[in-house]
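Sharing a structure below in structure tokens format, with a few things to ask.
Labels A, B, C and D are assigned to the chains in the order they are written; within every chain, residues are numbered from 1.
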Amino acid sequence: MDVFNFDKKGYYGQYGGAFIPEVLKTTIDELTAWFEKAKADPSFWVAYVDLLHEYCGRPTPVTHLQNLSHKIGGAQIYVKREDLNHTGAHKANNVMGQGLLVKRMGKTRVIAETGAGQHGVATATMAARFGFDCTIYMGDVDVHRQRPNVFWMEQLGATVVPVKTGQQTLKDAISDALRDWAHSMDTTHYVMGTVCGPHPFPEMVSYFQSIIGLEALPTIKRMAGKLPDRVYACVGGGSNAMGVFQGFLDYDSVELIGVEAGGSGMGIGQHAARLAKGTTASAGVAQGYKTAFLQDDEGQMLETKSVAAGLDYIGVSPILAHLAEIGRVRFEAATDTEVVEALKMVMQYEGIIPALESAHAFVQGLKEAADMKKDEVILINQSGRGDKDIFTVAEAIGDPAWDQFLREKAGVKDA
Amino acid sequence: MDVFNFDKKGYYGQYGGAFIPEVLKTTIDELTAWFEKAKADPSFWVAYVDLLHEYCGRPTPVTHLQNLSHKIGGAQIYVKREDLNHTGAHKANNVMGQGLLVKRMGKTRVIAETGAGQHGVATATMAARFGFDCTIYMGDVDVHRQRPNVFWMEQLGATVVPVKTGQQTLKDAISDALRDWAHSMDTTHYVMGTVCGPHPFPEMVSYFQSIIGLEALPTIKRMAGKLPDRVYACVGGGSNAMGVFQGFLDYDSVELIGVEAGGSGMGIGQHAARLAKGTTASAGVAQGYKTAFLQDDEGQMLETKSVAAGLDYIGVSPILAHLAEIGRVRFEAATDTEVVEALKMVMQYEGIIPALESAHAFVQGLKEAADMKKDEVILINQSGRGDKDIFTVAEAIGDPAWDQFLREKAGVKDA
Amino acid sequence: MLEKFVRERVNTKGIAVMGHIVCGYPSFEANMEILEEMDKAGVDLVEMQFPFSEPIADGPLFLTANQASLDKGTKIADCFNIMKEASKRFSFKTLMMGYYNTVFKAGEVNFCERLKASGACGLIVPDLPLEEDAGLVQAAEVNNLSLIRLVAPTNTGERIQQILEHASGFVYAVARKGVTGSKTKFAEGMEEYFQTIKKYASVPVAVGFGISQRADLDYLKEQGRADIAVMGTAILKTYLESGREGLASFFKNIMG
Amino acid sequence: MLEKFVRERVNTKGIAVMGHIVCGYPSFEANMEILEEMDKAGVDLVEMQFPFSEPIADGPLFLTANQASLDKGTKIADCFNIMKEASKRFSFKTLMMGYYNTVFKAGEVNFCERLKASGACGLIVPDLPLEEDAGLVQAAEVNNLSLIRLVAPTNTGERIQQILEHASGFVYAVARKGVTGSKTKFAEGMEEYFQTIKKYASVPVAVGFGISQRADLDYLKEQGRADIAVMGTAILKTYLESGREGLASFFKNIMG
């Protein structure tokens, strides 16, 4: 199944396109041309894979969760370990690929949006490695809640611009990055962090992230002795999901499940589920592309909410919106509470700390494994590691010693 | 060169031995026997490597630091990337190996000491994965300065016992772990975190960590087209150093350099350099083994100091003490100030964040690379990643936004 | 229609002027004050921006304006209302300016019908490129509305030609890189840009680049570089800083 | 020598008693008070612990004692001094107890000479196993000191036999797992342990397991399980809690 081969280039069924201000047209066209050329050049993919092997530690392994499989007593649970990627998440794959492209294009500066900060850290890392100038746009709210990532971006040499408009989160950072790009495209490449935005970004980011699925397919076949029956991935913009799903799209026996942020429930503004049952999301056009957005009747974007900053976004990959529509990918939502529970289970039974984003995929995988047979196999994509989430997790779990530690570090004397 | 084949088993020249209370004798003997048996059993090493591949993401890559090599203009700098290991440091290798051994021995509980918390997190991780009960001893001072690691250990299901005696740091944690073991050895294995302590620990931990050097040797030969001229590793207890050095011990052309914590200078109590020039350390016997200790005339242990908690220790591997004595390994010390500078360089030029411990090796490597020829090659062992050090690094660098963030998280209202 | 109206104005005045408001910002009352001043000053066209939550083509001032207006509860119906009133009361022509999602969600046909009913003569949709606008063009034509195409200095000659082949009413030539309100001076190569547009344009040319003084207007008039001078940021800024009176004297200085 | 002294005491009293102090804790004055009370109560042997910064075989109470003493500045010379004074003034025999590094750093020969000069009759070094003690044995013998070997309930029969072959003065049988001060009850298998020791021991046997009451002593006396009862933690605890008088009545209850 080639999801990139529709009659209308850049479209996936009714979704996709490039809804951009005319000032960006030439840049986007050039980018598309460079990308097409790179894709057609076998040495580019080789260089890409080499870079990821030498610098990022790929391939990442697949781990069999024997303990949890046994405890749950259903399907055999396997996990693709993007948490072991350099910078701690799948985000590195995409930025390294775009970095190679930027070098080919001869540009010297990169910009990016970031929500959780993972993509910002990854981009700052790539920029340091490639010697590019780097500016990261990040909603002011996120700058505050994800300060550790901001600190590292700055240490890596990037300028972090807090975006103080709108909801001051990811979507506003994307808008501001697009604004920067409209000035700076001569020297600057916009490193989109997920499979969203105007064409060619959804296709390009999918292309780079496909390495996840390409690695996972033979590995799980070897380990489990068969194809997985189901593959789970969390879905923010959709890049880690597209990454792993691409390994299995052609195999009809493999069910693909995207798990969105159920937040505190399906009420308006309480979640970030755009494709799961019960969502009010509808087709719209914003931030350069057409997809399912969480928006009101008049097309104004709604607030979103999730314990996982990386899933807290109004839109979703147009490719996934299409795959949902044709029934190839099933979408579910996991609530914040379920996510913290799953996180605890995985830590205590397997010694693995998934990112809060990734824990969404675990929620659904663990839930469904229970009703499956022992010879069935599921694969969960662990998009990243959870160390970065200590502030959020400690708060969610309510650890008094952590609070005390923060008070001490902040120089607060005890009462 | 077989450093494990001395006339007196468990000795390395004049260093080593097993100076333990009689109550531990049988346990230590049994452990030695189990270890010898495992070592003689080829399937054990295979199981070990498989576990590290599937669970920890090994092999870790070697990365060529093109930018820094170019900027410095001397030797080509390569880095072995233990930061990409599961749990973020080389510590995982050792604990996984010991975990397999514990399973063979049929014990159900593990204990460990930890300073920086890396070994504690690694052990708690291993215990979760193997289903062992787990208690971690940690100096109360370290519990306070390394709270994030304490948090994760607890989340992983371990009990963390704050040690409130002595300096309340690593050495006191070791002593307390030994005390626990003297009660609990029937069911419990003590997972020593480094190549110190009574025989068989130095040999056993070296054995497991040798995977670093075994991987590094062919990789750097392939990448650089030759053996490295020099190999650098930081030295706390010495496990990452022994790990990488073992790949190159047999090659006389490869100079091996251990880098210790120079702290704020070579004054008494200001550093943790036990083998580098200018140290006052001398041979002694404590914590179950004979080595060079930082001690006073009467054999009382001195305070130590380092920005890197993992290097902040009075003793050092007896194997390294011996290799220093026979001139096979050269020892240097890096000061806290140099370490922070090196850290900044590596972050900004290469997008890599070394742990503060590892940054010691970078200090010396970068310094010496400058005086070497362009066709010479050095290999630096990056023992771990620096994310864990955010509190220390942000403090050392003096980031006001980070302070502000901590104040907000601690619920402090602004003045 | 729109093109004819513009040509007449240019013939009379040398250059026509297009003003801009964000509906509901700082309030609908303020909008009316600004519109009254524009009318008095002899502004020929007004783009009335329907606020959108993600206005990616707008700079900080209009971005804030869009969001402040929405925060106050501005709905599309309110925008149509003020448009209807303005179209009736004033002598300038009105155009809807806004993002495609506003049109898309309402339905292209429905939206154009309501626009027509509100007296508008066209729409400007900066995030809708040629490749995507077939449906809207049709809906606009049926309702006697011009869908105003934009060209940018980053466009290639072929692209400008391609866009101009489809132009209706007038063409909006963005004369800076970046978003609204950015203070780019005319860079080198800008003359060539104007000449390319002139070469292919069968419709009048509107130019916006942050016009704030008479000299800017004169520059555009010279050698017929443009037919319409677009003023946006300067108007809003002046009103916010020095109110209705300030705006009156701003217009006097620049157009009087 | 030491062995003979112990045998005599056992013959007279049924069981000998060995007390313990940590030199300099809580102070040297307090040490003297404790020693005086032990002397009055008829204690036969006293192990005088030279404090060490890493006392891995000691539990919390002695650990604190070691460190507090060092914090106050206790030096080895101070320990030799109090030993010399005690050996002179009191009728019990003194032994040095401490960790190997204290001996090692001073030099085994030098250390033993100073010990002898201080009137000691032996040393107990809990972290020095048989395999490592050849040098110290020699230095001790030359100076008429017994290096007291320790056995533990976790030892195999062979190991006990091996240790006992090298025993001198008496053998110290740890009768609990763990470190000093741990409150282990005699586990099953403990009788077997005592029998194994008895089988191989040519020297008297000292047993320590947290003795704190007369019944404990009686138990050891029964069937000649031990020749020496070792009291450490209970003495220090009693002194810290209820002072010299408390200690006097503690000894009266247990040994009077």
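Details
Keep in mind that, in the parts below, a residue touches a chain if its C-beta (ideal position, glycine included) is under 8 Å from a C-beta of that chain, and two chains touch if they have at least 3 such contacts.
Because the structure is a prediction, the values reported are computed rather than measured.
Leaving out chain B, the touch network of the other chains consists of the groups A, C | D.
Shared contact partners of chain A and chain D, listed by label: B. Inter-chain centre distance (chain C to chain D, centres taken as mean C-alpha positions): 98 Å.
Annotation: 38 Å between the Cα-based centres of chain A and chain C.
Separating the CA-averaged centres of chain A and chain B is a span of 33 Å.
Averaging Cα coordinates per chain places chain B and chain C 66 Å apart. Contact with two or more other chains is made by no residue of chain C. Multi-chain contact residues of chain B (touching two or more other chains): none found. Here the chains touching each other pair up as A-B, A-C, B-D. Listed in rising order, the residues of chain D touching chain B in the complex are 52-60, 63-64, 67, 70, 75-76, 99-102, 104-106, 126-129, 131-132, 150-156, 159, 163, 174, 177-179, 182, 184. Interface of chain A with chain C (complex): residues 17-27, 165-166, 171, 175, 178-179, 182-183, 185, 282-288, 293, 295, 297-301.
Across the complex, chain A is touched by residues 53-57, 60-64, 67, 81, 84, 86, 88, 124-129, 131, 144, 147-148, 150-152, 154-157, 223, 344, 347-353, 387-388, 390-391, 393-394, 397, 399, 401-403, 405-412 of chain B.
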